[in-house]
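Take a look at the structures listed below.
Presented sequentially are two complexes of chain A, the first with chain B as partner and the second with chain C.
So, the complex of A and B:
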């Protein structure tokens, strides 16, 4: 059975990043078409990620793709182009019940076109808005494809005008609510990434805190964070 | 796929390639590869084949493809050529 302790997020428009990422052995490798890719490179990154999944040896990690939201105007094309190379799941930013329902329809159609079995690609909603946080239980029950969810504190902080700290006291309520809702639904819960990639002591404390709140894993923005995450989430 | 204008994709960064495509007034698909001499000697023909096949599979006609390579692997050549061709056909 696959482990779900860590997810390493790599910008989808960087061949170097796409090639180096597997050596850190994250449980999930997130090839990012959303936040990590500038507007003018969305088309190019989409093709690069599609080709990389078909070419690279990502054997020891679950490859997932963070697509753009449908409202951005790029999300539908991301699903259409990436589905044929069959990532384990799509990560959906600005997760909402309405968007997930629309994605379910698009993805089912794309799977059919690609000759894949319906439901073979999972969905991982990102909770990064107040609305999504408050809709957690209905959000997680939107589709049987959802087995994991990802709490992105940076999006939430932006919406609420919160200044983030390494200690994370300002997101305690959101983290607790997210982790509990995932536990109730029996799903994997990935905590927000620790931003200072050179502070391993801070990362370890943050991992402990997340684990004690009920999270089952954590996101990383730097491959060097993976070993520490795996030390805490076993 | 008709090439209407000059377009680029990729970057002059390590492990990447900058692909520039433009209409070829002489007709057909022409590939120009710019890379390190040692890469050119050892892998030049193979890389040009990847570029040419990608252009053919994309349905491109009458196009000049210039690839400035910075150590890209095959999948990157394929992706960047597809992206440049799609941008040029808009």
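So, the complex of A and C:
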């Protein structure tokens, strides 16, 4: 059975990042088409990610793709182009019940076109808005494709005007609510990433805190963080 | 003819002479005779202090066909090679061989002297990618350059294979009678270790300084009894090019992954132990290996005997933390290393000969447990190239590579599996610098290969969870990622001879088409 302790987020417009990512052995490798890719690179990154999934040696990790939201205008195309190379799941930013329902329809259609069995690609909603946080239980039940969810504190902090700290006291409520909702739904819960890649001690403390709040794993923005995450989330 | 690593080498190379083919890393030990030294004794009252380099050239009787030598402790800040060669060129002298321990970008003016025939030969143990290396590769030098190792050069000098007519020793501090050190002065560089054999064996020895101090200079690294003349110039070098402020551990995630794996290999093979000795380079990944080794040593409460080589502040920190009892320093890479060598008796200098000469009574590399090395290319026989790049142009020389690989008990090559979209592991390297028989382990981000000749290491690593694979698997992964590059095409013209540390020829570099 696949482990779900870590998800390493790699910008989809970085050939070097796409090539090197598997050497860190993350449980999930998130090839990002959304936040990590500037507007002008969206189309090329989509093609690069598609080619990378088809070509790179990703057999030791579960490859998922963070698509753009449908509202951005890029999300539908992301699904259409990436579905044929069958990532394990799509990560859906600004997760909401409505968007997930729309994506369910689009994805089912894309799977059919690609000759894939319906439901073969999972969905991982990103909870990065207050609304999504408050909708957690219905959000997680939107689709049988959802087996995991990802709490992105940076998005939430932006919405609320919160200043983030390494200790994370300001997101304690949100983290707790998210983690508990995932536990109730029997799903994997990925905590927000720890931003300072050079602070291994801070990362370890943050992982420990997340684990004690009920999270089952954590996102990483740097390959160097994976070993520490795996040390805490066993 | 083919040598023992299968390289096709002419029996005789014009401008170099009869070739002694490489016959194996251990094939050439035994009884040796050192060459004699010609010197002019100095009587009381004689004056060694000379006003200008031009005047020194008169005193040493500079003439066509001579060999002049330099050290490279001032690295890319060195002014001395250019100053001396400019003065020689102005006299219309031709056919000079420059025997430098290192050549850098700052020495670009040498290219014009190569073109004009002032310089017709170069021997060097380290050469940075740049104009002089490129000029050699293009065949502009009349005779093939001779690429040596840091241990091979003093061997060649001591045996008489490399005869130096005049040694010009850049001295950050000197007194009027020729006592020198590198730890004081505005161009302080630390040790002058690579110049020691030059001072001991050259026909004429000249200290070139910009910091003339009252007699006696203190400390003394190269002493007055070896020195004929002292000349003061305005500046011997640019401090910015001589040392780095602080050399730090890489933050590159892939480099750190490689470093972690390398340290795990060292630990799993039993070399993290009381009295261990260790050497690594000054690059970010090499220092990252040191950081991982440091962590293991602290965890196991181990005190090593020594760390050696070019010394960085990072190794000084390990000494000061009590992780090693001593440092052997052949080259100070940063300001912290210079200060440490000056102030701490546990931080010891070693000459190039003491460091790696295979034909003395035992070099420091012989006592080295673990050596961390880099590679431009490595082949499936574990032969390593650090001399030529992907276009066949010269980008380096052995430095201490083949000395330390030969001496150490565990020689580990750490490298990214691909560099610049090219595979590092190949069927055959472009140029052999270090024979595969002296390389024990290759560590890349995608796996670790152990030399099949080291069954003892294979046995120790087989039950670990380290990603051990045959080197051919790494080659295939690399080629899958990058494709298999077209072989570089060369002419027949030999532009450089790669000497192994024992003076045999391990490879010849030909001019790329």
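The rule is short, and it goes like this: the second predicted complex is superposed on the first by the 234 of 234 C-alpha atoms of A that agree within 3 Å, B and C clash if a C-alpha of one lies under 4 Å from a C-alpha of the other, contacts with A are read in each partner's own complex, and residues count from 1 in each chain.
As a convention for this text, a contact is a pair of C-beta atoms (placed from the backbone, for glycine too) under 8 Å apart; a residue touches a chain by one contact, two chains touch by 3 or more.
It should be emphasised that the depicted structure is a prediction, and the values quoted were computed from it without experimental measurement.
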| item | value |
| --- | --- |
| Partner chain in contact with A:231 - chain B first, chain C second, else both or neither | neither |
| Partner chain(s) touched by A:198 [first = chain B, second = chain C, both, neither] | second |
| First, second, both or neither for A:183, with chain B first and chain C second | neither |
| First, second, both or neither for A:47, with chain B first and chain C second | first |
| Touched partner set for A:19, first chain B, second chain C, both or neither | both |
| Touching partner for A:57 - first (chain B), second (chain C), both, neither | second |
| Touched partner set for A:222, first chain B, second chain C, both or neither | second |
| Footprint overlap on chain A, where chain B in one structure and chain C in the other make contact | 19, 56 |
| For the chain A and chain C complex, residues of the former touching the latter | 19-20, 23-24, 56-57, 197-198, 222-224, 227 |
| Residues of chain B touching chain A in the complex | 9-10, 13-16, 72-76, 78-80, 82-83, 86-87 |
| In the complex, chain C residues that touch chain A | 251, 253-254, 256-257, 260, 418, 445-446, 477, 480-481 |
| Parts of chain A lying in touch with chain B, wherever the complex brings them together | 14-16, 19, 43-44, 47-48, 50-52, 54-56 |
